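In the two assemblies presented below, chain A is common to both, partnered first by chain B and then by chain C.
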Partner chain A sequence: MIEFRKEYFADERDDNLNEIGKPTQRQDMLGHVTGRSPYFDDHLFDGLLHLKCLRSPHHHARIRSVDTSEAERMPGVKKVIRARDVPLNLNTLLSLMDFGLDDEPMLADKKVCYVGEPVVAVVAETERACFDAIAKIRVDYEVLPHVLDVEEAIKPGAPSVNPTYPTNTFLYHEKYDHQKLRFGDVEAALRQADHVVEGRYQMSPIEQAPTETCGAIAAPETNNRFVVYTSTQALFFSLGTAAKMLKVSSNRLHFIGGTVGGGFGGKVDSIHEPMAILGCMLTGKPVRYAWDREEEMQVGAPRGAERWYITDGVMNDGRIIARKFTGYFDSGAYTRLSSYAIIKGTGHLPGPYTIPNVSSDVYCVFTNRTPATAMRGFGITGVDFSIEAHMDKVASKIGMNPIELRILNSYRDGDMKAHRRLAKNTALIECCQVVAEKAKWKIGNEYKAMSSLKGGGGERALIPAHTAIDQKGMVRGSGSSSFGYQPQPYVPSTPTFPSTPAFPSVPAYTPAASSSPAPGASERRPAENAPTPSSTYTPTPSQPATPVEQRPAVNRFSSISGLRRR
Partner chain B sequence: MAKKPIQFQLNGSGQAIFAEEGSNLLDVLRRGVGDLSPKYGCGQGTCGTCTVLVNGEPRLSCLTLAETVEGQSVETTAGLAHGPQLHALQHAFMDNFAAQCGYCTPGMLMAAKALLDRNPSPSREEVVEAISGNICRCTGYEPIINAVLAAAQSGGRRYG
Partner chain C sequence: MTLHRGRGFASINYPIGMNLGGDPSQALVHSNPDGKFMVALSSIDLGQGMKSVTRQIAAETLGIPVEDVYVDTADSDTGPHCMGSFASRGTHRVGNAVIAAAREARSVMMEAAAQELEVNPDDLVTDGKGNIHVKGAPSKSITTAAACGAAQFKQGRTVSGRGIFLVPLSDVDPDTGEMTPVTCFAHAAMVVDIDVDDETGEVTVIEMNSAYEVGRALNPRLVEQQLIGGAWMGMSHALWETTEPYYPDRIHGPVDFNEYLMPGPGDIAPHHISVLERPAPDGPFGGKGPGEMCANPVLPAVANAVFNAVGVRIDELPITPEKVLRGIAAIGGPQPQPKW
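So, the complex of A and B:
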């Protein structure tokens, strides 16, 4: 049951809108209830061929040789596709946004990096004929050592999973083996804290498991074009990826999608369309490449596993004055979207709380597991679980009511967040109050009286006067103009540069003397152009706190990676 | 491969087709007859999205040998409406927002129809039991249960 609490933020809402707040029928509902919604597989073609892949039985193995001669002679087989048949057999999904390096083949050539990685594709008259032919393909593998754990994978001497990133970490900003967040001085604050609370949290991969499995049908169209019916959630990703990997102009590709039988993030990887089109190009016939349920569960990219270490510095009155994260995303064998998930997750730290000193190192780690991808809030879900579990741990450690702890530390309108943007439209305090009421969980009257609209901003809107920065994890030998072209892999990041504080002479951190909820007020200075809290806020780029922090004024999305590709 | 002639009633009209021996009813309906309303979800009888009615009883068409419906009566979602007149269940699913991606909907409708045909006034528990073999991965079970109950309460008023 939905319950509207319209007493909150009443002046921020207009109830006299035509559509918002009123039920509206889905435009595709009639198709759904009559069984006529056109999913990708609901298109019939005469002479439709099917495509299935021979998949790696090993976590990690070198491919010594592949013999498809017997498979090619099997009844019903029209084409056996090998890595050499793929026009551009290396891609990364976000290359379309200039983020990251091509690292994943359509069909494995020299080695396989996870169980289920496709090696050979067979196009035949029936799926059964595909499987019969696949059973006749002989692959000589040399099994290699594998690594399945994120922290094992970044130890020196670990098996190198992904040839594009030989040290098993994605490269951020063209120079770091992890994504950094630095706000204030966490180490100094931890020394001043009354309590230091540490925690380790992890979550497993989760398969999206849509009821409709992933797939695509490609068919010849007039004027040398191809029509592609697809289950994709990302039609233009799939279009761009197919055009790139097949080296055809995108205006020769006619993509039809939009009717998705459940996706939840699992249908953005653009795996099926390029393969189906390639099969169609090589046979001249309509080709259907769809996973069955077993393939969907085995090789469908899940939400990746995450492991988080959180260290909080907490005062006796419950104020959290420092929070430090170390995170590991299990990207599996290839990048897909994990690199981006970390950017998104880092922007979310330290959760919906106003904490004056925050630092975070998050690693996108390659392991010999199924590549991970998008799923509902990916990048946020795992760390939010960790943060909230940790809040309970902190409450228990210092003997405080866990909801009061959250209300006390909640961000409020006008507060500065760790990524140097002001919080607005916050409502965590009100959520906590309603939760306490619904759960009949007692909270003190002063906590019942608190509001997201009151007490924020002012000194809480300030960027710390000093932010400790470091060079840990810098990868030498890379540069914005050279990295993408380097024939040699980049130099491993270990040993790292020594971690040196930027300003050793900075005054020691002193916690705020008062017991007011404003955390760490004494060590802040006004941000230039600091906007006034609440309603008049307009986003302005906040200034770096010190000259040391200054970066090139590049704001394009590609600056996330800084990798100029070609 | 040898093909076998099969005759059956599909939504009230006679069908006569040749099917490969050993093929399942789902493939024969979709690729043989061209009725695309039953969906493939798992091919293992676990998700229920391929549910059709055989002589009024819900059946997982992906696990049903096509030749076993020889001479039987098969119903699918494509036959639920009478021309432009929607079935009470279809109206109720629309009114109650009981579909999101829509992929489980044909199976849900068939499972619900089998229930209402034999029990026009089911309890909530009986509705839950009737659709318990059907997975909605969008997890919209509450609206679906409400829709089936609403269809029962309407007494099929808007049916044909």
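So, the complex of A and C:
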């Protein structure tokens, strides 16, 4: 049952349009319901070869040697691909936006960092021939200590997972081992609160589970080009990643996709396209690389696990006056997109409520598990679960109707948000009112009378007179000057895909020879100051406060990455 | 032994589009000589309706029937750059790019019509049915087909348009997190009613009531399928799904749909949805993006309902029967909470 409550916000809409607002049938419905819409896997070329990978059986191990000689002689095998065959065997997805450092190889070279990490790729006439050849490959592993828990991973002495980030945390803004949010003085407000409510929340990894598993088919096209049929959710992410890793001009790649059997975030990682094209380049034949369901579930990147600690300061009348977060995103062995989701999550805090004192520390942590990636609600779903489960605890603690608690604290048009921008176009209160009415969940008349359009702004629009700033988690030796970093103006029209060379030169990948810290690690301090939220609330001395107006000017775009390619 | 009814609530908002901006999308629109239009994108239709919603946006902007437009998604030789279909950005970002491209194409079509009719193009309007006429004088008209034909065969004009939409990239302050994360938000509130079996630990969703504010519903059927499917996914996340059931231990990882659990048809609960539409000032015709956020309120609402039913706080997802039973045992038996 669905109804459209047109009476809400009616004066903000023109409902008399010709096509907009009409329940028009989908353009592609006929093809879908007759089973004739072409997907990537419907392009089965004559002589199509298949590609499969030998995968790590260990959470963490050094690769001492790889012997593929027997596999290469197996019937139907056309090519055995090793790390040295990859033109640029190190990448991070968001390097296309200049965000983060290259940290993930297409094929593991010196060590493997998670169960399922690809080590060798075999191209053969059938998938069966691929698997038979893979069974003949001999890899000599030296098993290394591994770490699977985010809070264990950031303790001093934990095994170093990712050679690019040897202390197991992404580095934000070339400065901190976590992303900060500071608005007002949370510790002071917690001391004034009538009640302090604490909670710990954990979301486990979740599979995107599209009906169509991820894959790509690459084939030689006339005039020295390659055509690629792909299930990608982001055509130019995949094209740009392939151009970079294969060192090929982007306009020699002809990517075709756009009709995809479900994605839910699991088809942005651009794993299959570069690998299929590489197989095509090395054999001169069309090559298909697609995951089976087991690979999709255990090798394909899931929605990553998140752990959140929340501490609220609440008054007897239900007003929440302080909210503090500590979050850990389990990025798995490599960055993919978790670092970016944390900034998204941070901008979302403290949820859709106006709270005068908010602070947050969120860590992007590397562990020896399948890398995590995007999924529906990325950066938000986990913390929304935490916030709303926590709101219910707050309501219980003070004996308040849970819907009235939300409406009372809801943000409204004109309120200042914790990321220091004004709220507009809000509608949380109306959603609460409508659903209370539908579900016959009684709320008081004063709450029925409240509105997103009224009561916001004014004092609620003010940035706190002082915000408690701290330098916890600062990475030793960081800071603009010591990294040679200079604030740069944002250049909106940076060409993303120059024809040749495809990308600026990138330092060669030199994985750490052992689990000892990579060069540069000595400059970084382990996250020894990472908070270990305790089960009882113990106020900590407030940090030296810095008035807002005395803070240095906001850094420009280039500071987002924390780590620009240099 | 006993089924305990419980009721939980949650409310959320959701940022639309790639965080911090800096995520452009482009569109190209052109007409055949008979006034039938093509929209070329490199965006992706994942089943969510990318082709269909951009088709309606193009038709509305051009002022022609939707049948006169087809959208082609994702050919890198013809479709200009798009960041991709994720982060609830498709409708908002690509929709705005399509509006820009369609406006440019429309202006050529109107100039061509004006030249044929020997009037000022500013005096012309479209009727949305394939005709262009002088405002207030429907008899002085030309079909869009004739206008586009004249443009290309008589006047030497290309009836085409280019569009791009870019939310400029925001800075982030390292010390305070000050930033401009996104430009608009969708909203939702949800009440979930469940039964908890205190013998098996199983949770059965009985009914869901929700209110979703999605900006203008550009196609109400596409909104409906997103909300129903997304709420199903939220319910599945709350009670069934994970690739690592004993996280952070990696044991018992599922490898197929026999082991990776999801609700089946018999587990689907009636879901009563109310849609509110507060247009986004910078959205295409006020549209936001219902795609991602529709799942989010279900997870905490279910967890809160479990507490309401048996007095157990389960703060680790998914809420499996094992966790429910262990939780009930830990508090010495079910402790039903007051009902709202």
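To be clear about the criterion, the second predicted complex is superposed on the first by the 483 of 566 C-alpha atoms of A that agree within 3 Å, B and C clash if a C-alpha of one lies under 4 Å from a C-alpha of the other, contacts with A are read in each partner's own complex, and residues count from 1 in each chain.
We take it that a contact is a pair of C-beta atoms (placed from the backbone, for glycine too) under 8 Å apart; a residue touches a chain by one contact, two chains touch by 3 or more.
Computed from a predicted structure; not experimentally measured.
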Touching partner for A:Arg191 - first (chain B), second (chain C), both, neither: neither
A:Arg293 touches, of chain B and chain C: first, second, both or neither? both
Touching partner for A:Val260 - first (chain B), second (chain C), both, neither: both
Which of chain B and chain C A:Pro205 touches, first, second, both or neither: second
When both partners are placed on the shared chain, which of chain B and chain C touches more of chain A: C
A:Leu30 touches, of chain B and chain C: first, second, both or neither? first
First, second, both or neither for A:Arg476, with chain B first and chain C second: neither
Partner chain(s) touched by A:Asp41 [first = chain B, second = chain C, both, neither]: first
Contacts of A:Arg64 with chain B and chain C, given as first, second, both or neither: neither
On chain A, positions contacted by chain B and by chain C: 23, 25-26, 28, 209, 259-264, 293
Chain B to chain A touching residues, read off their complex: 31, 34, 36-44, 47, 49, 76-78, 80-81, 86, 89-90, 93-94, 97, 99-106, 109, 135-138
In the complex, chain A residues that touch chain B: 23, 25-26, 28-37, 39, 41-42, 44, 209-213, 259-264, 292-293
